[in-house]
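My questions all concern the structure below.
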Amino acid sequence: MSIALGCSLEPAIPFAFVHELIRQRRRELELIGPISDIAFDMLIGAGCVRRVTAAWIGNVSAGLAHCYRRAMEHGVPNRIEVRDHTNFTLAQALLAGALGAPYLPTRTIIGSDIARANPTFVPSTSPFDGTPLLLVPAITPDLTVLAVQRADGDGNAHLWGPWGVAQEAALAAGAVVILADQVVARDVIASDPNRTIVPGTKVVAVVEAPGACHPSPLQGRYARDHEFFHEYHRATRTAEGFAGWLADWVDGTPDHAAYLARLGERWPALRLTGTPAAEARF
Amino acid sequence: MAPVDVSPGEVMVAQAAREIQDGERVFVGMRLPLIAFVVAKRTHAPNAVGLFELGIVRDQPARELLYTMGDPPNVAGAVWCARTIDLMGLLQRGDVDAGFIGGAEIDRHGNLNTTVIGEDRTHPSVQLPGSGGGADIASLAHRLIVIMAHDRRRLRERVDFITSPGYGDGPGWRDRVGFPRGGPAVLITTLGVFRFVGGEAVLRSYHTHSSVADIREQTGWELRVADDVHQTEPPSADVLAIVREYDPEGFWTRRGE
Amino acid sequence: MSIALGCSLEPAIPFAFVHELIRQRRRELELIGPISDIAFDMLIGAGCVRRVTAAWIGNVSAGLAHCYRRAMEHGVPNRIEVRDHTNFTLAQALLAGALGAPYLPTRTIIGSDIARANPTFVPSTSPFDGTPLLLVPAITPDLTVLAVQRADGDGNAHLWGPWGVAQEAALAAGAVVILADQVVARDVIASDPNRTIVPGTKVVAVVEAPGACHPSPLQGRYARDHEFFHEYHRATRTAEGFAGWLADWVDGTPDHAAYLARLGERWPALRLTGTPAAEARF
Amino acid sequence: MAPVDVSPGEVMVAQAAREIQDGERVFVGMRLPLIAFVVAKRTHAPNAVGLFELGIVRDQPARELLYTMGDPPNVAGAVWCARTIDLMGLLQRGDVDAGFIGGAEIDRHGNLNTTVIGEDRTHPSVQLPGSGGGADIASLAHRLIVIMAHDRRRLRERVDFITSPGYGDGPGWRDRVGFPRGGPAVLITTLGVFRFVGGEAVLRSYHTHSSVADIREQTGWELRVADDVHQTEPPSADVLAIVREYDPEGFWTRRGE
């Protein structure tokens, strides 16, 4: 099964969903996402992953991704296949999927080894002027998981802050799961339909999951827990260290409420109140 | 005289800020370039505009130090918060003047590796994080500004994997493979500053704490030195004050010291 | 000179700009836009146009476009070249322009005579699966004109309601002109950057032009003047009728304020107050 | 018995509403289909979702009669207001069950012309408005519902220009040219209802004010008639009430009478 997540890049990563995938010991996943800031690293370390299609896998403020390194360098816990992308090629692949187009043509990375390392790309030339192009084939995830500030019960979802590749990923997917910080009445969504990132017609499940993105931030709701990323980085240098981290934070917490409770005072301290957007009347 | 306790990071930030011209649209990125953008805006380039590849455009720097470009303070007060592909579209169209990137390895032609150490992509000796948007910026910005830690293992005769292309094997290569423009203009390291001449890095200045000899020792290719090689201009007290106000803990500017 | 306008389809058409193009008797324009609801018809009738790239040219609620008919059927006031598009192919052409891509590949209209009538389209096959495709080349207008609810002095512009192809048209353009119902402080825009349709970096001029879209509507500000479209339809059946209409409404009004004044009581009656969007905090 | 003063528009709206199944995602368009969507939502298809090509998705009809799909009441209370290409992307992906279109001319294979009357595109005898999104809906929706005024000049053996393709020259044609799916399912005219069988229109019912003979007279191709041809079910009093509440002036449903 292919799953796109972390599609707003560094913020709004649905870590609560990642943790639950690990708790359920899902296997053979194909992960799709641009940056994924430790989310993919955890899933790789937990042995859930068969293939990764990504532009960058690491710990944005702290450094390299230890589990990803162990998998690639030593096959621990298992070998994984990597399809190298850039942020732009991944955005184009998902946009092609969202448009129902077979591919998008681009000039990025035509001289990069990425263009050769990823066997899905096809070199081409423009029939309009004969210049070299690279064709980036569509990616259509089986499932895209988005974390948003609010959604109604049908899955019509408002996201503000960076959209990254989230909208393309949702529209390209066979199905979408929404983790909403708040589930709200339909009329709240319908009061501002330009704020909707994905319509309910694409959504198969809506979960009210406050704090679902911790340790990543959610605009106007809570800040990034920078120190948590550093703790993860230090704790997961060894496979044993990662096992311990997992036992503490994932398997040691039966659900996301328990995970937040384990954070203690640290969690309410991250809360943001934000500043209100200027009024718009429809 | 510059203050005596200036860190290499601060020298690099000051130099990077000088690379931003007033009114330019710059793909800023994170870490030192982010702070260079703050310095440039508050000194000689008040009309520069910062673009962040996840989908943000700012005409004023964020009020707080950022740990990632997606931190809430980077969205608050932005003039545009959009999609990654909107920003990348501007880049591919040629609407972006300059971009910053870093890397684990670079060669004399400015080709960068951020993907893998080792000959075999599928069995790396060191797995690096990958491109992110770096390869896109290197491919499509009008002008590339590279920032790197400087040692022989990083400045290599050949890199194991070209993630972000510079000038390939030399002049004419970018045209030949089909890039519409661009290439590295400058390489700012922890030891000195290189300019690219005929698709090749030439040392133009060494930082106060370094020398041409040090740099030759720490460079994995046969060093080319400009006739007018000189000491890098140290950051002024004003610039240092801006840097230290923005990054009071030295999270980015004194990292790893 | 190529100009894209009417890019939100039926609403937010910058008629004030259209009228001024006519007053200045601009010539040899190449118009680009999906629907344009009488805007292109006026410009064609006034002799401003050399070529039209569009999906539909008419009067949406009233019927055919009389000036467009006279130009095509009788060369009055001059022959024009038409590049037939559909809403989707035009959106794709502008998106390609916005992305800096040479073309987008599609399966729409591959069996339609439009694919043959428009010589810019190139038939192709997918290198991934051999299926037939049509390649829609990028369109990059010299100028895109958008009407929006509000913008700051740098041109950072908020538009709500349908975006149609407006964002692609703006990003694809060499330059953008903004007609803002209100010019506001930068901080109003920066309070809600997700509402921004185009950043000031693309904008060469911002004009405060209240009511710039009449007779088309602007979400939350004023309604569509349906009757005005019907009056235009009736008045412009003949070339003489069109000349009279132009003398009354365009050349007879020195600027847009005078045009609105001529509407009399009818204009304030169209004003909307709208309902506020649910709060979003950044 | 249906009320005696039922207009052809009202018969067509009632029939068009029956073509929308519950839960379907339908490209609604304007005029009669818009009102058919209102009727379907308020009768047998409460979970149908309406998509408007300029970039709107509604799970509830607009509160007022619309003159264009971009009228402010069609945005107020929508669940999604986006870009045309987002909606067209759903269509091309195959996420849209059905779409409505009309036209100036149609042939027996369901090919529609909304571009030009006359053989030469550049010198038309009548210049029509063009495709809008009609050709896209005809190309890419799973199922096409066509609504037309019925006379010999409109239902022709061959149309002058195929704007919105139906079944081309017959069975297999859509596959051959490369459409991923679709084709007309039904043609609802001012006089009757045709279904498409083997890529060809077959008359299934005639409206109360019409007959097979009338329809043969007003059809420009050799009429095929279904064995079970029958009278079109007239709109119920409930349906008429909905139509007349939504379009009290008969702007769309009694147009041109």
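The first chain written gets the first letter, and so on, giving A, B, C and D; residue counts start at 1 in each chain.
Going forward, a residue touches a chain if its C-beta (ideal position, glycine included) is under 8 Å from a C-beta of that chain, and two chains touch if they have at least 3 such contacts.
In this text the structure is predicted, and so the values were computed from the model without any measurement.
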Comparing B-C with C-D, the one with more C-beta contacts is C-D
Farthest-lying chain, centroid of Cα atoms versus that of subunit D:
B
What whole-Å value do you get for the distance between subunit A and subunit D if each is reduced to the mean of its CA atoms?
41
Whole-Å gap between the CA centroids of subunit C and subunit D:
26
Which whole number of Å gives the spacing of the CA centres of subunit B and subunit D?
57
Any chance you could list the residues of subunit D touching two or more other chains?
56, 72, 75-76, 81-82, 85, 88, 91-92, 140
Touching at least 2 other chains, the residues of subunit C are 92, 99-101, 106-107, 131, 133, 160-161, 163, 167, 189, 194, 219-220, 272, 274-275, 282
Contact pairs between chains, per stated definition
A-B, A-C, A-D, B-C, C-D
Within the complex, subunit D is touched by subunit C residues 8-12, 34-35, 37, 54-58, 60-61, 64-65, 68-69, 72-73, 82, 84-89, 91-92, 95, 106-114, 117, 131-133, 160-168, 216-217, 219-220, 223-224, 226, 229, 272, 274-275
In their shared complex, at which residues does subunit D touch subunit C?
30, 53-56, 67-72, 75-76, 81-85, 88, 91-92, 115, 121-136, 138-140, 161-165, 168, 173-174, 177-180
Using the touch rule from the top, collect the residues of subunit A that touch subunit D in their complex.
97-101, 152, 154, 156, 167, 171-172, 186-187, 189-190, 193-194, 196, 198-202, 282
In the complex, subunit C touches subunit A at residues 92, 99-107, 122, 124, 126-129, 131, 133, 135, 137, 149, 158, 160-161, 163, 184, 188-189, 191-192, 194-195, 219-220, 272-282
Mind listing the subunit D positions that touch subunit A in their complex?
25, 49, 56-57, 59, 72, 75-82, 85-86, 88-95, 140
